[in-house]
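What follows are several structures.
Heads up, the next two complexes both have chain A, just with different partners, chain B and then chain C.
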Partner chain A sequence: MTNEGGRGLSSKLWAMQAKYAPYLFVAPFLLLFCAFMVYPLLRSISMSFYSYAGPHTSRFVGLGHYRYFLGDFLLWIAVANTIVYAIVYMGLQIPLSLGLALLLNNPRVRFRNLFRFAFFAPYLVGNVFVSVIFVLLLSQRHGLIPKALGFFNPAWLEVSWLGDPINARIAIVVASLWLSVGWGMVFFLAALQGVDRELYDAAAVDGAGPWSRFRHVTLPGIKPVMTFLVVSGTIGALQLFELPYVIFLQHGSAAGPKWAGLTIVMYLYQQGFDLGDIGAACAVGWFLVLLILGVALVQIRISRAGREEES
Partner chain B sequence: MNVALNDTVRSRKRRIRVGSLTLHALLIAMAVTTLTPFLWLICSTFKTKADFFTYTFLPWDHLNALTLDNYRRLFAQEPFAVWMVNSVFLASAYTVVVVTLSSLGGFALAKYRFAGRRVLMLVMLVTMLVPGQVLLLPNYDIMRKWGWMNSYAAILVPGAVSVFGMFLFRQAMMLLPDELLQAGRMDGCSEARLWWEVALPIVRPMIGAFTLLSFMAAWNSFLWPQVILQTPDKLTLPIGLSNMINLPEYQTNLGILMAGTLLSILPVAVLFFVLQRDFVAGLASGAVKG
Partner chain C sequence: MSFHLGKPILVMLILSVVCAAGLALRPGKRDRADLLVWVFAEVHQKTYQGDGKPTTQPTLVEQFRRRTGKRVAIEMVATRSEDVRLVSMFMSDARDVPDVVELEISSVAKYLRPPTSDIGLLPLNDFLTRSGWMDKVLAARFAPWSKNGVIFGVPHDVHPVTLVYREDLFREAGIDLPAMKTWPEFRAACLKFQDFWRARGVKNRHAIELMNSSADHLIPMLLQRHMNPIDGGGTIEITKEKFVETVAFFAECVAGPTQIASQSPAAAGGLARDLIEGNICVFVTPDWRIDYIKEYAPGLAGKMRMMPMPIFEPGDSRTATWGGTMMGIPRNCKDPEAAWKLIEFLYFSKEGLDARRQYSAILPPVITQWNDPVYQRGDPYFGGQQTDLLFIEMAKELPARYVTPATAIANGYLSKVIVDAATFVERHPGDHAALVAQCREWLTGIARDLRRRIEHGKFDE
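Let's look at the complex of A and B:
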């Protein structure tokens, strides 16, 4: 009798654990997701209409922040810097990554894994440490890069990389490329190995040259990966912060010489933490959101249009 | 005719060999260019201050002058050991939490139908489009109101949410056959044991890839800890090291700074070697499908 009752209870418990399991599985995520993503996301909209001074003092300013920073020339310098950086960086990273992947994908390459690791290694270093390494690499007269350039022309030994606005911008692009070309290459290589070999043979039988094989077989095959790399890379580039921040802090101002290192996220950081108005910083954040969404939409639209054209 | 044929075959072979040589020469040149900064960094950490300024790599004529002095002074002058322990603790704890929560949640999203599932996924997708900087300030405001400033809870608790990780695990676990889970239930497996003993072992490469990415993200994370952590005993390596660059002391003693940089990037390199195979497989499969 008791035995039977026990079995009834345990089977009821068993049914309950089966029924509620999925809720229990998502519960920890859901709780934190709501507390630290959904709620702050909504809150940052309303915060952008207030001006803050310290944790407990705030004042409604409506669209005041937006009106203020849209008229601030520093914001537009930040926007110009960020967009030029994103274009130059992506314009170099994608061809370099793809070029390396094409070289490595050649069936005659030996020690492929070793090469792949060599090119990928800088990615493991991460933003902040790459910045530190580049501060050292570029240090005037004693850094490796001035020394290597001085080998060709002694005058280049004395070039100031981080004190000159143009050189500083070049330095940031070079540092980002060192960090991320291998990352893109890993994705391209995986995609290239997924392209059907028979398509190449068929194209060769049709008398297609190397360029036309690349254009009509390779490129369509790696298009999804290319779109992924371009869209995610651009989104990342528009959020540039750590590299210039760490590189230029040493020179007194995180914005670099003549604001060469001022980016949108750094402008946001300065509004929120240097000037102390987190409401203004939220407004800058939403400006960045709109910019990123706009750029991503245009890129995806272009990629779709290209696909329809082909089919 | 035979001779002529032989000739073309031979010349073709030679062309292939020359092509192969150029290919490898090109690859080696680029690999050397990519890796030289590491070599320079490693050499410089063992040089005296005088040798650093006169020799690019190693002081070949007096190799006995190589020294561990930079490392000794790094640990003596800065709380570098403390930063290292802090970084190892924070990055490991973060990785364990985020991998556990994401794989549990991803399992539920992939293999169960439950109320609110579609709405949740939709909201998750929307938040993925929004860059983290928008969350930075409201979360900072929450932390200072809760009195969580300068605490590790402020880093670990909000950081445990990874929408990307949830989708990654959902994607991988969709491939689990339902029959397998059903068979496990017949054998008396609880749902939690199905996650632990059936689902997780099958998505192992994904766990490896996501572990490495999460650890790297935590190890390199800068902006949020920079805002939250205030006292020197709480700092992590990226913040400690970036503060060091600004001290006049290290603008002449670059060797010490380089020793710190080298020690800071080693742990990720070690983890990469452990997880390398999973990482490449997991990443590649996800990307090519996506």
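Let's look at the complex of A and C:
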């Protein structure tokens, strides 16, 4: 009787444990996720309807921040800068990464691993470090790049790379590419190695040349990775902040000459931490969320349409 | 006994229990010093707690501990990081705040945005009056740290601006630069200087450093004429005729046929290298820049001289101010009296002055300290010139500088106007009247926009 009772309790406990253990394991994540993601997100929506100045000083403005920002040309300069940057950056990053990957996937290239590491290495050092390096490289009269250009034409030694609005934008794109081309290359390399070799053999038997093989075998094979890189790269590009911030802060103003370095996130930062209105910063944040969501949806839809067309 | 979810899950579970137990049982938080001070500049940190090298004199914080029994910890926090952390602390009315904070002039406006009763810093008028320092500190230096007459910060410095220049190169060109008392005379002399060197094949020798893509050097010129982009009362001054003329003059200095300037890169020791190589021969220099020049260009000792800034017209100041630091007490500081005593000791005491001189040439804002013999010496780096005395002389003429939350935006606009005006000068060389008219139009548009922004961010008292 006692044994039976004990066995019953034990199996009851086991059954309870089996039932609730999964929830217990998920609980820490859920708690943290709710505390540090869901709550701040919801709170930031409500904060975006207020203007804040101090801990006890706030004013309900409703959609006031949104209305104000939509009429603020500085925000539109930031949007234009960010979108132009994203287009130019993505337009160069994907082909360059793919080109490097194709080159370094070729067995005839010697020291491939060394080159792979060399191209990937800038990604490891991060935005701030790359910014500092580029400030040094582009430094008027003293940087490596003006010095090299000055060798051909002494007037180029005096070119202000970070003080001219056009040059400054070029500098940001080049610095971003230097940082991220190797990162894209690694993804493409993995994707290239996953393409079925037999497809190349079959294409060769059918008389396909290198371009046809690339277009009809390689590209379809790496398309999922390319979609991922385009979507994640675009999201990253729309969140551009540290690179221009660090580069131009040393040059007088974080926004750069004629706001050449002003991005949406920098505009957000200025609202929150330069002007001190956290509510306004939240409103800009939600504007950015909607923008990224829209762009990502369009990209995914285009990619899906492409897949459906192929199939 | 087997665990029905598998061994890996069991191991993770055990690990999480062990970690949780470890966290729960960890020893209590390390004892906090009695007073925690946040500073953003390395030279300030060195001044207060030494540079680690053995010295005969104890550090300032050690001397303070011996006097009061209060332990002080100096924490170095980068300016931007300090901004983010302090804004978050003040906005959330956090209790665990540093007891004393040093803030940089370009950061302070946002902290003064709320109504005075809700500003995260403690009003210091009573402390200053009670201790008598109110009358001993240069009054103009309270302006950036005040709102509606309430003072929230004690000034660390004065930062008068002078011009330092390569006397050897100007002498060789036969130009007596200090004889140029007005900016137009100065520009004419600089053009002569550049022509002299260009005729000798030195093509890239520019007379003076003026930024052509930011307002950093335009602001001192405007201050000389007693104009701030936005004054202490919130009045936008950028449409005043003097303001417009100054912007136009500046544009003609950085571009076109009367260009006498180039900009020096902040990175790579650019300023010092430009001075050493003679690429740029005059620098607009507040006292904090002197140490930098001496450290990175020691070989120029004896070749450098200092002079007051030229003026535009009688009534202008021969100096301006560039940069600045304050020390304040957060409202939630647990022991404001002790924090005030520390500020007094670090900023106003004889010991504080000695430590400051050990690490920098920064002039204190306490007028009585300017009589100290340490400021009467000649400086061999400047050929024996009494540069500290010149700084003191300039400090007496210091124009008031105001910063408001919209000042940073105004400066951004001014940077844009400089770039546009420089382009205009390149396209229409010599057409001064057209340039002035164009600058007036730009600045009028900017003033309209600034008014809208100020209105949007305003909180009534």
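Operating definition for what follows: the second predicted complex is superposed on the first by the 287 of 311 C-alpha atoms of A that agree within 3 Å, B and C clash if a C-alpha of one lies under 4 Å from a C-alpha of the other, contacts with A are read in each partner's own complex, and residues count from 1 in each chain.
By our rule, a contact is a pair of C-beta atoms (placed from the backbone, for glycine too) under 8 Å apart; a residue touches a chain by one contact, two chains touch by 3 or more.
Source: prediction; values computed, not measured.
In this superposed model built on chain A, chain B and chain C take up the same space, so to speak, and clash.
Applying the stated contact rule after C-alpha superposition, one finds that A:276 touches chain C and leaves chain B untouched.
In the superposition on chain A, A:267 makes contact with neither chain B nor chain C.
In the superposed model, A:50 lies in contact with neither chain B nor chain C. Of the two partner chains, chain C is the only one that A:257 touches; chain B does not reach it.
When both complexes are overlaid on chain A, the residue A:85 reaches neither chain B nor chain C. Number of chain A residues touched is higher for B, counting chain B against chain C.
In the superposed model, A:292 lies in contact with chain B only, and not with chain C. Of the two partner chains, chain C is the only one that A:157 touches; chain B does not reach it.
In the superposition on chain A, the residues of chain A touched by chain B in one structure and by chain C in the other are 14, 17-18, 21, 25, 28, 55, 132, 135-136, 139, 142, 250, 272-273, 278.
By the touch criterion given at the top, residues 14, 17-18, 21, 25, 28, 51-57, 59, 68, 73, 132, 135-136, 139-143, 154, 157-158, 160, 162-165, 250-253, 255-259, 270, 272-278 of chain A touch chain C in their complex. Against chain B, in their complex, chain A makes its touches with residues 14, 17-18, 21-23, 25-26, 28-30, 32-33, 35-41, 43-44, 47, 55, 100, 103-104, 106, 108-110, 115, 117-119, 121-122, 124-129, 131-133, 135-137, 139, 142, 144, 147, 178, 182, 186-187, 190-191, 194, 224-225, 228, 235, 238-239, 241-242, 246, 249-250, 265, 268-269, 272-273, 278, 281-282, 285-286, 288-289, 292-293, 296. Of all the residues in chain C, the ones that touch chain A in their complex are 4-5, 9, 16, 80, 83-84, 87, 90-93, 110-111, 113-115, 118-120, 203-204, 211-216, 262-268, 270, 273-274, 279, 405, 408-409, 411-412, 415-416, 419-420, 449, 456-457, 459.
Put simply, chain B touches chain A in their complex at residues 16, 19-20, 23-24, 26-27, 30-31, 34-38, 40-41, 44, 52-53, 56, 101-102, 104-105, 107-109, 112, 114, 117, 120, 123-124, 127, 129-142, 144-145, 157-158, 160-161, 163, 166, 185, 190-192, 195, 216, 219-220, 222-223, 227, 238, 241-242, 245-246, 251, 254, 257-258, 261, 264-265, 268-269, 272, 276, 280, 283-284, 287-288, 290.
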